[in-house]
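In the two assemblies presented below, chain A is common to both, partnered first by chain B and then by chain C.
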Partner chain A sequence: MTVEIRKAASGGLWKHRHFYLFIAPFFLLFAIFGLYPLLFSLYLSFVKWDGLTPAHWVGLSNFQKMLGDDQLWTALGNTVVIGLLYVPPMMILAFLFAQWLNAPWLKFKALYRAAFFIPCVTPMAVIAFVFQLIFSSEHGVLNYALQHLFPWLHLSPIPWLESESWSKAAIAILVVWRWTGYNMVLMLAGLQGIPADYYEAAELDGASKIQQMLHITLPLLRPTLAFCGLLSLLGTLYMFDEIFVMTNGGPGSSSTNFGMYLFQISFDDFRLGYASCVAYSVSITVIVATTLMNRANRRALDEGRR
Partner chain B sequence: MNPTRKWRRTVERGAIYAILTIFALVFLFPFYWLLISAFKTQGQMFAMPPQWIPHPATLQNFSDLFHKTNLPRAFVNSVIVSGANVFFSVFLCSLAGYAFAKYPLAPGRDRLYNFVLGTMLIPSAVTLIPSYMILVRLHWIDSYAALIVPGLVGAFGIFWMRQYMIANVPDDLINAARIDGCSEFGIYWRIVVPVARPALAALGIMQLIGSWNNLMWAFIVLRTKDMYTLPLVIYLLNGENTQPYGMLMAGGLLTTLPLVLAFLFFQKQFIAGITSGAVKQ
Partner chain C sequence: MKTYQRSLAWLAAALLVTAVIGAVIHSATRLPAAASAPLAALPADQVSGDVTVWSWSPAADSLEAIKPGFQKRDPNVHVHIVTGARMITRLMLSLSAGVGAPDVTQLQRSDAPHYIATEQFEDLTPVAQKYQALFPKSVWNDCMLNGRVYAIPWDIGPCAVYYKKDTFAKYGIDPSEIHTWYDYIAAGQVILKKSGGRTKMLSMGSTALANMYEMLIQQNGGQIFDAQGRVAVDSPQSQQALGIIRKIVQSGISANIQPFGPEYLAGFNSDSLATYVNAVWLEATMKGMVESYPGPKAQWGVFRLPSMTPGGPYVSSLGGSVLAIPKQCKNKAAAWAFIEYALCTNEGQIGMYEKGIYPGLLPALDAKEMDEPDKFFGGQPVGRLFAADVDKMNPLNRTADYGQASRYLTQALSQWYADGVPNRDVLGPLARRMSRALDRPIAPSTIGSAQ
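For the complex of A and B:
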């Protein structure tokens, strides 16, 4: 009798209790460390708080402050410049490597793949210091190599980490080194999803290698390329370890990207309310922008199919 | 095939091998530099022209490192934190992923799943401050738990486990076990876990790398030297004006080595893991 009442009251819930039991541990932690922080951060966006004295409500003034915050706009500008410096070479290299590693005749594939991929699994706290040595202007191996490989250019030592105009390039080189292999692996998976008969048919029709790339590979790889692009966009915006260890955002604020700036206003200045407001605003903007881009991309794909 | 075409093909392939090999060496060069710099004195490190092989090689950096920092302790801390993070995240995500994959009739299943997945879009930068505040409230600052627990709630693990189990764990196997009187948790533990082992390994290695390398969070939540993890010890060797590059390189080598070995060992699973997200797109 009681069992029947319980069943009636909870409908399918009791019957499927194992489902809820199995997801419960994850959801418990998720509620504390995922959901609650999201909501709390939203609340913080509307207050002024240093973490010690009581917070007080300031309404929309944090949002207003953002518009006049030169440091924020500098950081966002730096983010764009760093992205423009590294994304094109990284994507081109990743695409070429993936294309070549996908060739059936290539030997030592696993070796090449490991060599390109391994940078992205290594600790940045270590690698950034190695790059500091390599980038050293007077005693660094990079300037030494540049001067000896291209003696006719008469290069003077490049102040990679000491000058405001070169620090972004140094970060870009580090990022290309670190993330090319990752993108290559994603593109390789995309390439392996393209049926081989497409190329065989094109070959029979007399299409050249370049034509095959333009009319088969690139269009079919478009979703993968879009995914890599999205990862790069988010990666550049929120990049932290690379910059924190190698340049700490300097010299001046020349290599401070958005992630670095957010860390500084949160944990150096303790402007917790304002930092939450900035983090929320930029993230929402990015989510909206990528959703719109994604939709436009889908529409273009659908039209292409028709 | 006529001889000119064959010859052209040989040249083309040779060029591709050459380019790939040059780039592979360039990509591996920083590791070589880390390795040999660890055995150089500060003077040798900045010598011009560069010393491609340390001559004479020194072990001074390693002995300095072991005298001035508590590296064995940091190593143990890193192993505990990463080990616990890997174990718990694989357990929680596979259990929840299994539930999402194989209990299609449970009310609210899809809504819950989509909700968790939706939070993947929001970067951890947004939740940094509140997560820190929660750890303060719980008195977890400067503890292992502060490094282990917040990292467990990533939605990617659930997504990846669910995908794998839908594709690779047959319903018949589960139903047969149920008819034989196996308990629901028994089905997960004795049937699903062994079948999904490759997926568990992939998630495990991804968590291991993220957690072993984690610098920012360790920097924020750790206070006392005895709690420091390897990346934090290395990072904090870094002085205001002078950098002890010898110790940095020696410590860096010891921090990087276990991870590189783990990667080489689990390379296949790891790559399967990161590509799963892209293929789904």
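For the complex of A and C:
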């Protein structure tokens, strides 16, 4: 029985060799540049290696060290706080903008869409230059605007990038500005995928705009929202360039998220073994979390259908 | 479901096997460092071949400039200067792979101990020993390990104060009366007051305080690591340095802007900053920014670094680089011939000085070229000013962990700045953190005997 199966399998391989040949380039490249580094990094999780001198096998001691690494826990904590600060406003803004751009009466749609999308394709170096000027506590335009727009509040200049409590907020503002347009485009695609008949039917039945949004738009947009949420979750974890150029993780380590921390231990400290171990552990946690989230989401969808 | 589980198990097994194979291949393909004959200096007619040098801009341009001179001395050696982005990453990769490293490479002076500790660089002691007395003692510290020489000092970064002459004149400040940091702060307060808070004395970014700290502890002989490599950051010298930084911050004369950020660069041509406290290599950036500015330009001058105590030591340095020969180099005699010409002769060093690279060679610092008036600074011979007392600089013990230590320092100081905690509350925890993370003991502390 097994022999027959094997024969069939190898026969199939030979029979369809042309097709396999055509798809081979991807698998070859993936094996060299994707799979090999991935597996090598897994091996690195169990060694001590600075990238230059020979690696030493240390078994599970990297994992043990991880548990007592307060910097890692601080970084993960910061990641959660930064995520909570920017994901809700970003998603709400993106949804509102998408709704607005989806309105049939709006003119110059392409122009607005491009305008909202431009921040996420602008090079980070340029953004950093401009935002340093915006956030500066010396001559920053944001503090100037706050003080002049709300003179009755008597605000003192906010040390956006120099204080441990404000640095996360500054990063969150930058991220909202940068990524709202991207999420908006995703949501716009989701909105355009909802058949217009549903709204017509609802209108005939006398449903208000709010009711239409709550009972048609939001439920049908749920997969898109879940996708955007997932992307933002991963984005927060591995966010790097925004933080690197604005605060370099400081002051102290107040704005060091997981991505920044990973960069520091690998490319400032050259603790490549330990960094691999941390990266693997967190990735596995994230994979488990997203699988659970997806499953919950699917269940909710199924229940909704029933 | 069963097939699903089975394929998962297969996948996991395949992954494990591949990981093991990958590890084996990796360790098997690591090339052993090329065994080589001990380095010896040969007469010019016996040295020949190609030498590839990795360097980055603007230093690479200065090497290019002295190539003709070297070619005259060693006509059989052909030098190729390679420059580009991320040279240090490329170097790391080539050292790690065991192939592809250049014959000669530039290293940041502060990074040199880290690279030297990897034992991937050629021992230059036999050929370099005779030049030891020709460089300031302090710079050798970053080029040596266990008494052996692995790199040759290139440019050095003595520090001074660049100031706007017209601003000083406008507010009645005489730079020749600024001797100590306290004089400097007092002058800054006058400028701040008379300008209505518009002009600050200097920029001191809260996330880049480690530079200022490092500059100050070189003045009073402080250390991050002691000679045995123990953590020595919690010392009276550190307290004194932090005391001065705190005074500067509290007096309101410093602007919290990041070095080389937009506001820092704008300060060269606006009235927001009166001075820049930095190393000799800032000149290139400054001249570029000022000369390309279309509006009215400030008149610039330089005065020596203020000291901590009246008449006390004042010299200090930031940055600088070295040249080293990776062990992979096949033609070490030729590589050394180029380094020797570039760094150990007046001709090479002065040739590079004319391209803006400040020499580390003491005889070059005595050369008449240092006395040439600099038009940019209103005819002031600033080369001579920076050269003064460079041989009296206090060496820093950087160790292979300097990069990591300096990050902890930056983090701790930015936190200290933001929260305003007492000096002692930042240095103690910092020392403990460094000790824990770097696996180095804390040097016997001398807290309490602060000067």
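For the reader, a short list of remarks on this structure follows.
Please note the rule applied: the second predicted complex is superposed on the first by the 291 of 306 C-alpha atoms of A that agree within 3 Å, B and C clash if a C-alpha of one lies under 4 Å from a C-alpha of the other, contacts with A are read in each partner's own complex, and residues count from 1 in each chain.
Rule of thumb we're sticking to: a contact is a pair of C-beta atoms (placed from the backbone, for glycine too) under 8 Å apart; a residue touches a chain by one contact, two chains touch by 3 or more.
Predicted model, so just to flag it, every value in this text is computed and none were measured.
Look at chain A after the overlay: chain B and chain C clash there.
In the overlay built on the shared chain, the residue A:156 is in contact with neither chain B nor chain C.
Touch criterion met: A:164 reaches chain C, while chain B stays clear of it. Here chain B and chain C are compared by how many residues of chain A each touches, and B touches more. Contacts of A:32 after superposition on the shared chain: chain B is touched, whereas chain C is not. In the superposition on chain A, contact is made by A:121 with chain B only, not with chain C. Look at A:190: by the touch rule set out above, it reaches chain B but stays clear of chain C. In the superposed model, A:238 lies in contact with chain B only, and not with chain C. Of the two partner chains placed around the shared chain by superposition, chain B is the only one that A:19 touches, whereas chain C remains out of contact. Note on the superposed arrangement: chain B collides with the chain C stretch 260-268, while the other options among 260-268, 296-304, 404-412 or 440-448 stay free of clashes. Shared interface residues of chain A, touching chain B in one complex and chain C in the other, are 35-36, 40, 51, 129, 132-133, 136, 138-139. Listing the residues of chain C that touch chain A in their complex gives 15, 18-20, 22-23, 26-27, 30, 92, 95-96, 114-115, 118-120, 206-207, 255-258, 261-263, 272, 403-404, 407, 410-412, 414-415, 417-419.
Those residues of chain A that touch chain B in the complex are listed here as 11-13, 16, 18-20, 22-23, 25-27, 29-30, 32-38, 40-41, 44, 51, 93, 97, 100-101, 103, 105-106, 110-119, 121-127, 129-134, 136, 138-139, 141, 144, 177, 180-182, 185-186, 188-190, 193, 223-224, 226-228, 234, 237-238, 240-241, 244-245, 259, 262-263, 266-267, 272, 275-276, 279-280, 283, 287. Of all residues in chain A, those touching chain C in their complex are 35-36, 39-40, 42-43, 50-55, 129, 132-133, 136-139, 159, 161-164, 247-254, 264, 268-270. Per the touch definition, chain B reaches chain A in the complex via residues 13, 16-17, 19-20, 23-24, 27-28, 30-31, 33-34, 37, 45-50, 92-93, 95-96, 98-100, 103, 105-107, 109, 112, 116, 119, 121-131, 133-134, 149-150, 152-153, 158, 184-185, 188, 209, 212-213, 215-216, 220, 230-232, 234-235, 238, 243, 245, 248-249, 251-253, 255-256, 259-260, 263-264, 267, 270-271, 274-275, 277-279, 281.
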